[in-house]
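You will see two complexes here that share chain A, one where it goes with chain B and one where it goes with chain C.
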Partner chain A sequence: MKDILSLFFAYAKSGLKSRFQYRLDAIVATLAVFLREAGGIIAMYLALLKFDTINDWNIDELLFLFSLIFITYGIFIVFFMALRDFPDWIRHGDFDRVMLRPRGLLTQLVLCGADWLAALGHGTLGIVLFVISANRVGIQWNFAMAVYYVVAVISGVLIQGAVFLFFSAISFYVVETGRLKGIFYWNMRKFAIYPLSIYNKIIQSILIFVMPFAFVNYFPAQFFLRKPDMAAYPEWMMYISPVVGVTLYLLAYSFWLFSLRFYKSTGN
Partner chain B sequence: MIVIQNLTKTFPGGITAVNDVSLHIAKGETVGLIGANGAGKTTLIKLICGLYLPSEGYIRVLGEPPFGRKSKSHPIGMVTGQIITDGYNYHFGHSSAVLQDDLSLELNLRLIKSIYRVPKEVYKRRLGELVPKLGIDQILHYRADQLSLGQRMKAEIAAVLLFQPDLLILDEPFIGIDVEARETIRNLLREMAAQRNTTIILTTHNVGELERICGRALLMDKGKLVYNGSFDHLKMKKFHIGLTKMQVVFEGMPPDLQDFPIERYVIESNTLTLYYDSSIISSKALSGYLLSQGKATDILIQKPTVADIIKEIYKEDEHKNDGENH
Partner chain C sequence: MTRYLSFAAIKFRSKMAYRFDYVLGTLHTLLLFVVYWSIYKALYGGASEVDGVTFSMVTTSFIISLGLSSAFEKNEMFLQDKIKQGTIANELLKPVNFKLRILFEDMGEGSFNVVFNFLPTAVIASFFAELQAPCSVLHIPLCLVSVILGYIVLWEISFIVQSWSFTLFSVWGLITIKNVIINILAGAYIPMWFMPDWLRNAIRWTPFDSIYFTPVQIYLGELDGSEIAFHFARQIFWIAVLWAVGEYFWRSGIKKLVVQGG
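Right after this comes the complex of A and B.
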């Protein structure tokens, strides 16, 4: 453990040091992420002002729903950035280096890929959104709720991590996985910013069973908000995010281990 | 150290890059791997490093199958000077197997210290020796992807020597490196082999370079290991492997060769035989130039085959009186 921690600090230090050699670049990049995403939220906010509510969710509740996506994504890119960009790691030969070094493959990918500055951009926005919306929707915080929230965020990170670990494993077979990710992750993410109940059965099923964003934000948000549209789903769905996260992650990890044997170093 | 028995690697699409190779390399041995482009050298190296899973056969490196090695206490170092091409363009963006592109050399070295668990004092001592020896003090703050090919080789070698691998593999390490630095690197490798009993595998198409360092030669052709033995036996001192042969039949005086960097030429009655490296000289340009002088009546171009190479090697003594331009 101590060993992994010292490696973690070595990577974090070198990553940040190198980013801050170009200090202005680093600041602009962080700010750009923040502004780009904030711009998206403002656009959504303005659009929502036209409606009072969507399926009985008011604007603050919608922002609370949204904040879960941002916070989990902010943490996700600290740990899974390398998996997000994994095809590049293979194509440019960086994965050879990872294979040659005497440390766990995922340990290295996780530690080396961490993008602290982008995470800062996303994470800050998520926290700002969370603080504002959680306050305005009037959650009465207690210890159990705080624990639930932390567990839900970790589960959300694991679910998204599992999806990207799965896509990374696919890159051992096919070079181009960007489009798959576009369809399954980024498009579904756009759906996930609104309450699950507004969609038809097909999209709902995808968000629950295929690309389970519902367990990243909708069901955890329902635990706090208890909106009437929850009646359409079994109540236990609010509690299984950790199970979904851990199960998916283990499945994806097994698939990754299996697929590794198909790795073919680039060149020649 | 390395035991390979009937090892075969076939890639999807049916290309067999390494075909039924058997080989033993003892601890502390320094071995030179020779072969033309596409002979399977790099694939064999990557099989040894554990970057490819073998299709068939047996391979043990440091006592275990190299692909997905669990034991991390005996690191393998790999340095490659090969410029990767996709057939059209050079990929200068191809990352190094040792250094991380977006970090300065100094940060890279520090990271390597943590990854390979090099104790602080040892790190300082080795760095203190390596930096002046390799003359890399000026480039320590350069990002790895800003280094020139020669600088990058020196930097990678420094990085690898920092963690002192049990097995060191160098694939074309002398590309872009000046004579003086070559000498330094050669000495460092000899030191490693002598003091730490490091096993070293080296490929380069400059056979003379190999002979200075390596005790044994391995010759590959079309995926097969076709020679495994001493350099003395091969007697390949002055030859570069993989030369293309062009036979030009001419009338009157032999044609002028301008300043094409031909490795060797032989004139016999009305036939001029040229040996050159087709990766440096385009056969088309050379034959075009020769034809344009109006003296050549026939031109025959032959890609090198190992049979030719071996024949040439054994004919070395006969050639001594011929027009060698070495």
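Right after this comes the complex of A and C.
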């Protein structure tokens, strides 16, 4: 375990160093990620100056909802960057290198560094949103709440990790998965940012049962905020995020182990 | 001129080769539209109009501005890659104006995306969303002209930011920031009518509302004859100003340019 931790820090150090070699560029790029993700939020903020609420959610409650997606992605990208870019690893033959080393495959992939610009951009945005909104939405913070929050964040990271682990496993069969991921992950994520209840039933079902983003931000946020639109869903949905996260991750992991046998190197 | 038009035609045809791409491109634009359609459906909450703006005006505005912004996405790292790889030297040797050539190539790609990405999206959306028909048949060609002029404004702003690759290590960050600013201020993420007054007044002095909002206004018939002429003049004014600025950056960049090896 100690050994794994030291590996992680070594990778993190070299990753940060190489990214911040061109310091100004790294700062501008981090700011760019921050603003790109904030774009939709700024538009929402401007719209709510006119409309006040959306399905009874005011702007502070929305910011609290948004913060969960960005914080979980910020943490996710520290550990799962290699899975996000996994098709490249296969195409360039980097995965062969990983196979030759004396550590577990997934361990190495998870440790081998983060997309620090994305992590800082998303993470900072998430924290800023959380700090702005957490007090204003009237949550009575206590120990149980804090534990729920931490567990919800970890579950959110696991859910997104599972999705990417699943897509990585598909890369063993077909090398080009970027477009699939584009539609299923990135487009669905655009939906997931806003309250689930504004969508029609089909999209809601996709966000609950197919690409379960609803358990990353909507249901955990409902635990704290108890907005009236929660009435449309069973209450236990607020409590099963960890179950969803762990189950999905284990499923994706078995699929990954199974698919690994079909790996063929692309050469050089 | 015919020479440049054929650059556009070649680009248009080469895009035809990737069929799967435009199915996914349409799906992408459609999903993007559904997000904003759902948001405003919830915001309206069944009300037929807010501040004199009907819900069908909002959806129509979104399909035009969001749809076009998605169709007009292009590779904005183009100039930087050419400079980094040194292949810009070959471009400078060719007996055509580099800027014009790229503009026409991009217009070829853009018009391809309008036909095979934007139009299918609009047709599919019209089955479930409350879209308005154009104000009159005459407004269709007028709208088309304003879309082309708007595209050139958009392209010019992109070129100016790209031309900083002569001095900066990477323009990726600046381009991303520029796109956020455009998408908000040009009304792709929020209809111009719902902007706070101070912001909308400020935008009137910038080129941003001539990109998507002028076509939206013409399509909906919000402008009468003389106003349309005024907005065309405004678009052309911004094209001239931005062209001059871009030209300045481009020339001073080329002077500084050092290409190693080759």
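The working rule: the second predicted complex is superposed on the first by the 265 of 268 C-alpha atoms of A that agree within 3 Å, B and C clash if a C-alpha of one lies under 4 Å from a C-alpha of the other, contacts with A are read in each partner's own complex, and residues count from 1 in each chain.
As a working rule, a contact is a pair of C-beta atoms (placed from the backbone, for glycine too) under 8 Å apart; a residue touches a chain by one contact, two chains touch by 3 or more.
As the structure is a prediction and not an experimental result, all values here were calculated from the model.
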**Message:** Output check: A:Asn55 vs chain B and chain C. Expected answer is one of first, second, both, neither. What do you get?
**Reply:** second
**Request:** Give one of first, second, both or neither to describe whether A:Ala134 is in contact with chain B, with chain C, with both, or with none.
**Result:** neither
**Request:** For A:Gly39, select first, second, both or neither according to whether it touches chain B, chain C, the two together, or no partner.
**Result:** second
**Asked** Taking the superposition as given, does A:Leu7 touch the first partner, chain B, the second, chain C, both, or neither?
**Response** first
**Prompt:** Counting only touches as set out at the top, which of chain B and chain C does A:Leu16 meet: first, second, both, neither?
**Reply:** neither
**Message:** By the touch definition at the top of the document, which applies to A:Ile183: first (chain B), second (chain C), both, or neither?
**Reply:** second
**Fill in**
Listed in rising order, chain B residues that touch chain A in their complex are 11-12, 17, 38, 42-43, 46, 49-53, 67-68, 72-73, 75-78, 82, 84, 93-104, 107-108, 110-111, 113-117, 143
**Request:** Using the touch definition up top, name the residues of chain A that touch chain C in the complex.
**Result:** 22, 24-25, 28-29, 31-33, 35-36, 38-40, 42-44, 46-47, 49-51, 54-55, 179, 182-183, 187, 190-191, 194-195, 197-200, 203
**Asked** What residues of chain C sit close enough to touch chain A in their complex?
**Response** 20, 24, 27-28, 31-32, 34-35, 38-39, 41-43, 45, 50-51, 168-170, 172-174, 176-177, 179-180, 183-184, 189-190, 194-196, 199
**Prompt:** Given the complex with chain B, which residues does chain A contribute to the contact?
**Reply:** 3, 6-7, 10-11, 14-15, 17-18, 21, 92-94, 96-97, 99-103, 108, 112, 260-268
